[in-house]
Every structure is written in structure tokens, then in C-alpha cells.
Amino acid sequence: MTAVLIAVAALLGLAAVFGAILGFASEKFKVEGDPIVEQIDGLLPQTQCGQCGHPGCRPYAEAIAEGEDHNRCPPGGQDTVDALTDLLGRDELTLDDDGAEDADVAKVAYIREDECIGCTKCIQACPVDAIVGAAKLMHTVIVDECTGCDLCVEPCPVDCIDIVPVKPTLQTWGWNRPAGIGQRPDSRIEVVNL
Amino acid sequence: MSQMEAAKTRKPTSIFARLALGIRRPAAVHDFHGGIHPPEMKHLSNGTDIAPGPLPAQLILPLNMHIGAPAKPLVEPGDKVLKGQMIAEPAGAVSAAIHAPTSGTVSAIGPRPIQHPSGMDAICIVIDTDGKDEWIPHGGISDYTEMSPGEVVDTIRHAGIAGMGGAGFPTSIKVNLGDHQRVEELVINAVECEPYITADDRLMRERADEIITGIHILQYLLNPRRTLLGIEDNKPEAIKALKQACKGCDIEIRVVPTKYPSGGEKQLIQLVTGKEVKSGQLPAHVGVVCQNVGTAFAIKRAVINGEPLIQRITTLTGDGVARPGNYDVLIGTPVSDLLRHGGVDPDKLGRLVMGGPMMGFTLHNPGVPLVKTSNCIIAASPEELPEPPPEQPCIRCGSCAEVCPANLLPQQLYWHAKNDDLEKAQHHNLMDCIECGACAYVCPSHIPLVQYYRYAKGAVRQQAADQLKADKARQRFEARQARIDAEKAEKEARRQARLEANRKKKEAAATPSVDTAALKQASLEASKAYKAAVKAAKAADAEGAENAAELKAEADRLKEIADKAKAAVRDAGNAAPAPAPAEDIVSKLKKQVGDASSAYKTAVKAAKEAEANGDDNASELRARADELKATADKFKAELRDAKANAPATAPAAPQADPVAELKKQVGDASSAYKAAVKAAKEAEANGDDNAAELRAKADELKASADQLKAELRDAKANAPAAPAPAAAPADPLTELKKKVGEVSSAYKAAVKAAREAEEAGADNAAELRAQADTLKADADHWKAELRDAKASAPATPKAPPAPTDAPKVAETTAPQSLKAVDPDAAAKRQKRLKGLKTAYNMAHKQYKEAHAAFERAERKEEVSADELNAMQQKVDKLKAKADNARDALDALVEDAKADIRAHTGKDLKTLKLEAARAESALADKKIELDKLVSSSSEDALEALNSELKALESEAQIARKALKQALEEQGLVE
Amino acid sequence: MSDVNYKKISMDGLWNNNPATVQILGLCPLLAVTGSVVNALGLGLATLVVLVGSNVCVSLIRNYVTDAVRLPAFVMIIAAMTTVIEMLMQAFTFELYEILGIFIPLIVTNCTVLGRADAFASKNPVLPAALDGFMMGLGFLVILLILGGMRELVGQGTLFTNMQLLFGPMAANWQLNVIDNYGGFLLAILPPGAFLGLGLIIAGKNVIDKRLKEIQKAKASDEPKVSRRVRTTGKVS
Amino acid sequence: MSLITSTSPHASVKNNTGAFMRQVIYATLPGLAVLTWQFGWGSVINVLWAVAVAVGCEALFLKARGRHVGFYLKDFSAVLTAVLLGLALPPTAPWWLTLVGVGFAIIVAKQLYGGLGMNPFNPAMVGYVLLLISFPVAMTQWVAPGEAPSFMQSLQLFTGQLPVDGLSGATPLDTFRTWAGNESELASHGILHGDIAGQGWEWVNLAFLLGGLYLISRKIITWHIPAGFLAGIAAPAFIAWQIDPARFADPLFHLLSGGAMLGAFFIATDPVSAATSRMGRLVYALLIGVLIWVIRSFGGYPDAVAFSVLLLNLSAPFIDYYTQPRTYGHDKPNRGTGGA
């Protein structure tokens, strides 16, 4: 009987000691702040389009840090989801693009100037100040700054804003990925002018 | 070999290889890793002399045949050009001029398909040749040593010479290293390692003397310690010719064993000097400058003969042509012309390659032009260069790694590129791949490795660009957010201040009641905004954004606001704790009404939808909607009552301050009256039983409002009497102006008061009118005085916008615009525009007033129908007038826009776009520069700096053009 | 946590979150002792009992143990439970106890047990915790049995040999000789066979899951998609 | 008229993967011939049967994976795997042994990993090891030297109608392992006297060496792996033999017995599962050789090519981690893989 008592006492003693150490450590080495938000924000595409249900990328980053699913960014595509999966060490998710337009191609807004009435509504709607213009003067989109979020489309009273895919230029053109195993890497084109 | 050099020199590959090298080759020739020996196929084209090329009907000259910024055209469609005339000048430091290769007429400047693997178009100058081949006067200098090196460099720059080996880097930059850079070795690349190509081979055989002279010019410019010419041992005749040509000169000819890609710049440097150029650096960093023999030849022609680069030797080869060989073609010659010249057989043509078979690209269109870098056209038959077989799985056999001249692991790169694992691909030095194609050549699985690498490289660049754009978007978004918060906080603070003031006023009479909670809220918001701004500023600062200072200023401003708000809270806290602010029944009711009616609307909508769909719960929904309607109505009725009761308390409290206070009271009273009327009307419409009561109340209110108005009128009429006369004008114009303003506003007020009095039938109306008249006389007097004063003051500072500037700017921005803007017309238009605007404003105002009066009359129900009709007509007339004015104004604005288009050749949109683009390009460049400041070399910095300057001036011009165009047309708001 | 979804707990343990095929926990005993059905059954039952017991205990004390010291406390409970089981087996199924040897005490380190204690029992009342422990244990047991059956069949050509070790003499003739004169396939009995077998089981489960998902997707695709878009900035009027 | 558009280079070698594999298969022919000469027709029958099984399994699984069967069969990789496994199996192997081994090699070791180019382990060796572990008796029974069975006997062995026991004997390696240190016994088994590495075996190995040299001359393989492999066996063997010639066999014995040459030139050189760079391959092969000698001298199995190759297959990524070449323009070779 004494053996059992000794064993119990020893275990209790051990438990007390380790409990004390652990309790102390959990207070002493508490992690303050949440730098993860910055990292998440860094991976998001910063289109500020709101398709995730949050007003801007940073709020979504904060929401992700607090446990929201990280697959709600259609502009970022599956790549962003995967990158976030890596960063957060969470379960892999597939992109949840309910109700979103296809996001594979880069797009920018284009204002048909003849129809623009200069109401400035799109300017107010643009999250990155990529539209210039003044009241009663036609507006125009700074293509380099436009993230293609299409938030300006809805407010326009005369529907003069189109979201057009960015055309490749000689500077931005790049080679395609080859077709892959089992495919010929070439193609044929018809030539007439010879 | 000096100690320094020995340290720099890195021995290649393994001990075995070095042993082998030591035995087999002279010590002066080193080796590089890998390499392949594809069939040379040079015999096809190297047997015949260089033949003149065709003179095509049309020459197409792309503006970017070289690396760097596209050249700027100097000609316009329709211009006649002579052979050798410069038709486009270099734009910026890294750029090259373009010259007319023969005489003719510029027929177009626009997009044409160009020599690019994408098959896309680019801006080209198209010259219709006239067949005369008439030279512009030109001449060189036989002894280049008479010129300073700087002048020689200028000559080269103006001759438009760009690297002829394939890359097309502007030569003038490569030979102008500056004094701080010592050139150890000048390496002349005569290797021509790609199969098929023999252009340099033939050039060396036939024109070795000129090449040697060109090399001497390069030596003069660079002053290298030694000059090495690398040439493969499969060109014995060229070697002989060169040796003969430079007998006794200080050019060392290094014969290197035939191996592809010995002609790669870095590979050749390693072969002849043993030096290795660090990844990401230029040969100049190890004291080496490398030039192609073709470039040397072109330099000789430019300096000694004064001929710009307008033609080059191009190899035409392959089984698809009857007469393969080397042709001296004019730059801009369409490939199809050369093919026809060489006797092409379209049936035998399977693949058209520009450049060599290892690194060249297939053409999508035989109509593309030959350019400065086009050293070869292969018209291959399908048997000669057959269709590539399908890609098989990689078995990691390692053949690719055996042949890679950069000593990469191509199979690993392929693996990562295929899986889009860009990070790993970069870790395996993807960016050091020179795309020589040796790996893909030997791959037994026929994997298009080079395409994979190019794809991955593109993806890497795209990723970097995306990241940059995302960062910029984030910055802009945060800045915008901070601005909006700041505005909100400011507004809130203002509102609070106003409330505070009101409350303080009220405190005089009643118990002080301070809405501490609201103040606290405001203060909180203000400090939040401030914090956000500070954060944004910090972030911007850290990223080195140019708007950091601005943001900081914003933050400071916000801080002030926040402090103020805090102080207000403190003050409020110090004040006696106020009784809870009286429950504002009206606003609460309003909200309830709003909620109820929106709920009702939703319900109706749902019910409608349900009905439309034939759902069975439609009737249920309908019932629910009705229920909601009833609730809403109930709330509305309540609200009405409350409103009717509320204003009764409003007018009260004797006022110490005169006009302003009265005004406010009048406003309150009349709004109370309006609310009451509305309530009454609604009640009537609903047939409520308290309608009559409400109406009576409204009338009561009206009476009190009218009384207040009358009081206000009196006060106003009395007020202006004081400031009007007296006070001699101390300083001339401004004082006068002020006076005039004061007087006329007093007059206006008086007139208004009089009119109102008349309308209301007040008994002092006549008196008021008289007072107004006096004031008018006064005002007129002052105005006349002001006019006189102005006339006497000769040099008025504010003249109409200086018209002399305008045409100049217009010229610089749009050289093709034919005439400058007529300043008189512009001024006239501006005047008219102003006039029209005022007219419209007046008409609109009158219309509005009339309309209001009409409505009032209608409501009163005292006015007869005739009178009403008359009023209606008047309103309509005024409306028509206003509309007319509006139309005229619109037409004029349209006119102005059209004019801008006509004058500048661009419409307003383009101008605006240009301005915006220029600005953003400028900003980008600045960022790039900042980034580079820490990392990069001085050359790159200088180049960037000059680019930045160019952009800056461009942005300025665009800005100016936009502003001017707007100003000229009087469109500025 | 007021209304507990018992069905979900059961499904999680048996299928959706099966400790062996989904969480891939407790591999050590799983791979080591599944050479025959009887071994698998013995260890599976032992683990099941420990799981239920530990989950119940942990759930009981869940409100009295602080976060920092919860793991040591759980481990101690599990160790106690395991020791009890070990003693019981020693008393009633001594031969099996001898065969399973070290793997019975090693139940303490079976991550499934600690995992459930921490992930579920420490946050739920006793009854759900007990059910969770039971279902997880059952899921684990089922996989053990399948694997044991597979390996015994392929490796020796028999099933249910030596069941008397667990069920007493009456089970002595339960042995089935599925394939007569079977030469034996040593690999299946050796550890690599366990890996291969488990891999196949997981693959099979994934295939079934994929099919189920496709069916579900086909059903769900009729539902309308709803955009959850919000305005990030500015006002829209 | 239509033109081809494709990326550079526009020319390439006429070779292809299938041809590569066929070359390797041709290079095994001398070895197969000598095996037949020394040990009867068993090897030939086994190889043919293995090829049939391999092609069947490959086709079946390509089909199941939704791949183009014809295209992938043309690369001859399954055939090569089958040939190598068939050569490694004892000539007395019955049909089911080959079936299990080849089936496992093709289905589990190759196709389940994603097919050609994706398998981390040498499929033939995986099949061999599977058989060695599961059926140790059948796998260690070789035809006694000089008693090559007739074609009919071989066929009967293959179909299982003839028990193996009557014909079989231990291999020289086995004998040496059993009787190491006992000179008289070794002598009675004809190992110390007469032929270099036991009757027949040195000829087999020399034949494979011949085939291997052919492969090097055709640049199908580089010298790095065979050289490293053989050096890895010979060096420790030489040292140990110098220390105690009675306990340890001489290097020549090691090089010319068992599967040494087959392993050096045909098994370890499988590029898919080997290390990547030249340096890496040298290290990889060297370690295989050392491991073979260690297992032969101290382990429980008589030969160790399969185990050693598989163990080093496992370590190949690790070797790659440290043996990347120095890229042109960089001071130091890369380390690591550049990612998680």
C-alpha cells in the first residue's frame, strides 16, 4: 500500500513541478501581436476587389488570420490559395469562386470617353485612385495602376466602362508553356504572301 | 600573366579536362563546359561571293531593331528621303538611329509585322523606293585619329550601329565606357558557331582589310591592353585572309576548336581569355569588351566612308532556295523579297527561320523585314529541319547537363519549370541559361527544353511585375483609405465644433448640455484616422514612396484635428454633466418609418416574385406585405403628429445678435412650417381626422415665420446702412474693389429685402426700395471709381494667359500638327463661354425661382386658375430659356473639344491619357532608380537618370499640353 | 456545443476522419501487429478501450485542467488506462499479451489517443467524448482488422488462425484455410507488406470519397451561385 | 503553304528514348548468351516471359491511367526493366516467380509512381528485392556450374514440373560466405583454384562488362557510375584482402562474381533513379559499391546489388542536394533544392 502511495505522491509531485514550469512558460513567452497578417496580405493580389466579402485585401488578410477560409480570392486564383496553404499550414483548399468572373486573364477598366458624362462616381469607387478626371469632364483610367477589380463598372450611370483583358505587347509577351508529354511542341500556320 | 589576372582567371571544368587541354591545345586557348557538334551545313552558302541583294519596292524599318528604346521618327508620311538620310533618331541613351537604306518616299508610319517570335506587329517606317538609290551628301574621314574618341563615338551613334552578332545592343554605349573603366582585352567575335550561317565567314574572306580597320578604330576608342580575335578552326580561308590583312598589327588571332556555342559572348571570352563573367554582370566588369566582326566592319564604313548602317550581309540558305549564298541586303528588305531573289521554291519550304537553327526563331510571315541583327535566313525543306517529334517523358539521362555551356542542370530546370515551381527553378540558376539550345538538341526525349526555360523566365518576370503592381496597389489603396478617413474625421470634427458652438449658445439660456458621447466618438475617430495616416506614412517611408512627405503632412494635420477633438471632449467633461439629451422623438420615428417602409417594400417585392412564379405562398406574402404597410402607415401617422407638435417649441428665445440669428430663426420657422404643411397634406390625403387641426397649426407656423421674415428684412435693410459710406480708399485698386463688392452686396441684399417686402405686402416696402436705390447709386459710383483707377494703373498684373507660349508647346507635343491655335479665337471663345455660363446660370436660377413660386401658389389655393396658368407659362418660358442656354453652352464645349482635337491632333482624352501615362511612367522610373541606387553600377544609373530626365520632360510637356488645351478652350472649371 | 451531433461523431470516427486512413495516426502498432487477424483484433480492442476510457476521464476533468498543463495530465490519464488494460490482458489473454508484447504499453504513445483527448474530449461533455472515443477506436479497429486479414490471407493463405488466444479454447477451430498448400508470401507478413496494404486501403478510401464527392457535386450544381461581393471603398449612389 | 512555327533549336539529334532503351537491351545480349551457355536456357525463357508480362502490365496500367498506350510502349522502358529482372533471376525460376516480380516492378514500382521518369526506385530491383524477401529459397537456387540443363529441362523448371532441388547448387558468393576462412572447404568447391570467380561466373560478368563498354562507347551512359561502382567494390575489397586473405575474397573475385558487372553497367546506371550531376553520380555509384562489399562480406544475403541500389536510390535526392555543379558565373556550387 505504501508503494502505491509513494507512487501517487511522486507522480503528483512531478505533475506539480511540470505544471508550474509550463504555466510559467506560457505566461513568460506569450506571443504578442500577429505578424502573420502582414505575410498573408503580402500574398494577396491587392486588387481590393471585395470579391472575398471583405472591403479590401487587408481586411481579408485579417479575417484569414482569424480562421476564415483562405480560398476566397478569385483574382489570386489557385496559386494564391496554394501559397496561403503553405504559409498557414492549413488544409489544402480549392478556389471558391462562387459568383466571381473568370480571373485567369489580367484585365483593366476602359472608359468609353464619348459616353462619359463626367459624374466622378467611378473615381469615388476606385480603390486605388486609378481613374483621373474632374466633374463634367470625361474621365480616364490609368492603365498601369488599374487592378481590374471592376468596382467602377456598377456605379457608372451611363455604363461607359468596360473591363477589357490586357493585350500582350512586345514587351510583355512571353513564350507559352509547351503542350506537354505526348504532344508536338510546334504548330503550323498558313502563309499566303510568298 | 600578372598575379591579378591569374586570380581572376578561373580554370574551367575538371582536372581531367584540364590535363586533356594542356596536351591538346595551345595554352592560350581555354575551354568551357559542354557544347555540341551539330552538322555544320555551312557548305551550302559559303562557296559563293557576297552578292548584292534585291532592291525591293518597299522597305519596312521597325523602330526597334535594337535593344533599348524605340527610335523617334523624324519624317512623316509623304516625305521624300534620300539614301543614308536619318529618318529616326535615338530616343534616350540606349537607342540607335535609323537611316533610309535607299531613296524614296515615306508611305506610312504604323504597325507592321516584325521580326519577333510572337508574330506581333510594331511601329515601322515604310519607304516606297524610287529605284534611283540616290545618296544624301555624305563623307567620312580617312584618318580617324584626327577626331577625338568622343567624336568617333558620336559618329557611331549617329550611324545607328547596333551589335550585328544577333543581340543588337547599341554599339555607341559599348564602346563608350568612360575613363574609370580600364579595358584589359578587346575580344573580336569571329566565331560564327551556329550551323548554316556564313555571313561573317564570307565577310572576313572578302573584306578583311576593312574589318581590321574597324578593329583599329575600336582599339583607338577603348585602348585595350590586348586585342584578341576568336575564330573557329572550320574557317581556314577567313583565318588566312585576316592574318594577311593584319600582318604586323597587334591583333592576336586565336583559333578555337569548332564547337557550338563558342560564339556566345561569355563562352568566347572564356575561350580566349580564361575569364569568367559573373552571373548578372557584363563583360566590362572583368575588363573585357566583345564586338562582332560585322560590327567592326560597320564601324569602319561609318567612320571612314561616312555611311550609316543601312545594309548588312545576310546568309540565305536552306534547301528551299535555288541560290543559297550571302547577300548584301538593304535593312528593311522584306524576307519574301530576299527569298524570291534567291529563287525560293514555295513547295519545298517547310520552315522559315530567321537566325541560326539553334537560336533563331521561326517566322510567321515572310513579309517581315530583315533588320540590323538578321544574319541568316534559313528556308528549310521539311526533310532538312523536320517537324519535331512529340515530347517524351524525361528519363533524366543527363545528356543535357553534359552539353550545357553554363554548367546548369537542365533536367532539374525542366522539372521545376514544368511544375511552375519558379522558386526552385531560380535556385537552380534558371536566369543564367543562355538559351543556346544545346540541351534540347541532344535530348533523346525531344523535350522542347528551351521553350520551357523561356516560359519559366517569362513567368518569373511576370511574377516580379505582378508583385510590383500589387505593392503599388496596396500603397495607393492605403493612402486613399487614410485620406478618406482623414476627410471623415475632419468633417466629424467640424460637425462637432458646430454642435459645440450651438450648445454653448444654448447654455446661456438653458442648462448646459454637452453630448460627451458624441464628442468622444468624434475624438476617437479623429485619433484613429490620425493613427492610420501615421501608419500609412511610415509604410510609404519604408518603401521609399514619393508621397511619403505628403502623407506625413496629412498625418500632422490629422493629429491637430484629433487633439482638438480631444480637447473638446475634455472641455465637455469639465462642463456640468448634462442631462441626457432630450429624446429626439422625431428622428427616432423617422427611422422606424424608414425601416417599416423598406420592410414593406421587400415584402411586396417578394410577394410579386412569388406571384410571378406562381408559388402557392404568394397570397401569404401579400398578406404579410399588407400588414407591414399598415405598420408603416401607423408609424408615418405618428411621425406626422410628432413633427406637427415639435416645431411649436422652436421659435422662442429673444435674440441678441441681429441678422444672422434672425436668419436662423426664419430658416427654422419656415422649415417647421414646411414640415407642418407636408404633414397636413399627408394627413389630408389619408383622410385622417386630425388633418384640419394640422393645417391650422401649419397656418399658425406660417404666420410666425412670416413675422420673423419681416423682422429679418428690417434688420437687413438697416444693417447695410452702416458699412456703406465713409472710409477713404487707402490703397488704390484692391481697396476700391473691396468697397465695390461690399456696396454691391449691400445693394443686392437691400433689393432682395425690398422685393420680399413687396411680395408680402409689408408696409415698409417702399421705404426699403428707396434705400436700395440709394445703395445702387452708391455702388455705381464706386464702380466708376474703380474703373478709373484700373485705367490709370498701366501694368495690370493679370493679363489674359500669355499666348506666346502656347504654340511652342503645341509644336513640341505634336510635331505633325500643322498650325498653332489662334489665340484671339481662343480668347473670344473663352469670353463667350463665360458669358454663356453666366446666362445659363441666371436662366436656371430664374426658372427655379419661378417654379418655386408657382408651386407655392398652387399650394395656397387662393390664387385663381388664370393666374396659375400665367405663372405656369412663365415657368415654362424660363425653362425653355435655361435649356437653350444649356444647349448653347454644351455646343460650345463640344466645339472646344473638337478644336483641341483639330489643333493638337489628339482629342482631349488622348491628351489626358498622355499626361497620366507620362506621370505614371515617371513615377515608376523614379522607383526603379531608387532601387538601383544601392545595387547597380554607375552606367546603369546614368542611363536611368537620363531616361528619368527624358520622362520628366515628357510628363511636363504632356501636363502642359493638357492644361493649355483646356485653358485655351476655357474649359477649366 | 449544446446540441451534439452524434451521427457526425460516429461518421467522423468510422469514415470521414478515420484515425488510420485519414489522420494517419497510430501507425506504429498498426503496421507492427497486423500480421494476423487475432493480433489486430487484440490490439484494436485494447486501443478502443483505452480510447473510451481516456476520453471519458479527460472530458470529466476538462474544466479543471489549465491549458498549459493539459497535455501532461492527459498523458498521465492515458498511461493509467493503458496500464489497466495491460494488466487485464496479462490476466485473461496471457498468450496474446506475450505476442503483442511491447505494443500494448505503446498504446500510451498512440497519437490517436492523445489526439482525441486533446482535440475532442477536452472540449466536450462526457457522453459525446465517450462516443467519440468509441467510434474512433472502432474505426481504428476496423482498419486493423482489414489489414490483418489482408496480410494473413496473402502471407499465409489463412484467416482467423489462433483465435483461441483471444476467445479461449472454443475458438480453436475457427481457422479458415482459404488457399490450400499455399507457399507463403513472406513480404505480406513483413513490415513492407503492412505499408503496401495500408497504402492500398487509403487509396481505396480516397477513390470512394472521390466518387461520392462527384455525385454530391452533380447534385449541388443546380443551386444558384451567390456573389458575396462588397464594395471596398467609395459610395455607390 | 503552311510553315512550321516552333521554338529553337530547330534541329535535334535523330535519337530518341526508345532507341536509348533498345541500345541498352542490345548491350545485354552477350551476357544473356553467356548465361545460357553456362546455365542453360532458363534465362532466355525467363527474359522472354518477363518481357511479355511487363508489356502486358504496362499496357494495362497505361490504359487504366488514361494514357496513350502505344506512345508510351514505344519507349521500351518496360521491356528493359523486364530484361534486367529476367537476367537477375535464377535460371531455375518458375513462371510465377517472374510474374510476381515483374508485375510488382511495373505496377507498383513504376506505374503507381507516375510511370517512366517518375519512379524514385529502380523498378527491376524493387521486383528483385520483393522476390528475394518473399521467396528466399527459390531465389537463391542456382544451377550448379557445369550442369546446364537441357532446353526441355529448363522448360520443365519454368512450368514447375521439375523440382529445382535436383539441379541446383550454391553460387560461388554463397559458398564463400558460408566457408570463408576455411581454405580446404573453399578449395573443395573449386573457388580458390581453377577459375577466378567460380566456374562460369567470371564469363558472365566479362560478357556484361563488354556490353557496358559498348554503352559507354555509344554515349548511352557515362563512365561515372560504372567506374564509381566498381571502385566502390574493389577498393575496400582490396584493403580487406590485404589484411586477411583467408577471410576476405580478393577484389577480382568480387568484381567478377554475382551481379557486379550487370549492376555496374545496367542497373545502377538507370538514370531515372540515380543522382543527377556527374559528381553526384560518382558519389552515388561509389557508395553502392561500398555497400555491396559490406553486405557481401558481413551481411546475411549472398549478393547485394539490389539492396545497395535501392538504398542509394533512396539517398539520391540527398546526394543531389550536395553535389550540384558550379554554374558558369557563380563562385560556389548551389546547395539545397531551393524550396520546401
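In order of appearance the chains are A, B, C and D, and numbering begins at 1 in each one.
Here, a residue touches a chain if its C-beta (ideal position, glycine included) is under 8 Å from a C-beta of that chain, and two chains touch if they have at least 3 such contacts.
Fair warning: this is a prediction, and the values are worked out from it, not measured in the lab.
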Centre-most chain, if every chain is reduced to its averaged C-alpha atoms: A
More contacts between chains, A-B or A-C: A-B
Between chain D and chain C, distance of the C-alpha-averaged centres to the nearest whole Å: 41
Between chain A and chain B, centroid-to-centroid distance (C-alpha), Å: 24
Separation of chain B from chain D, taking each centre as the mean of its C-alpha atoms, in whole Å: 64
Sites on chain C at which at least two other chains make contact: 232-233
For chain B, residues contacting two or more additional chains: 117, 119, 346, 349, 364, 387-390, 392-393, 448, 451, 454, 477, 480-481
Multi-chain contact residues (two or more partners), chain A: 48, 56, 127, 175, 178, 182, 185-186, 189, 191, 194
In the complex, chain A residues that touch chain D: 86, 175, 178, 182, 185-192, 194
Parts of chain D lying in touch with chain A, wherever the complex brings them together: 1-7, 67-68, 71, 340
Of all residues in chain A, those that touch chain C in their complex: 11, 15, 18-19, 22-23, 25-26, 48-56, 72, 98-100, 121, 124-127, 149, 151, 154-155
In the complex with chain B, residue positions of chain A that touch it: 41, 44-48, 56-58, 79, 113, 127-130, 132-138, 140, 142-145, 147, 168-170, 172-186, 189, 191, 193-194
Residues on chain B engaged by chain A in the complex (per definition of touch): 64, 116-120, 122, 336, 339-340, 344, 346, 349, 364-367, 387-393, 417-418, 420, 447-448, 451-452, 454-455, 457-459, 461-462, 465-466, 469-474, 476-481, 907-909, 912-913, 916-917, 920-921, 924, 971, 973
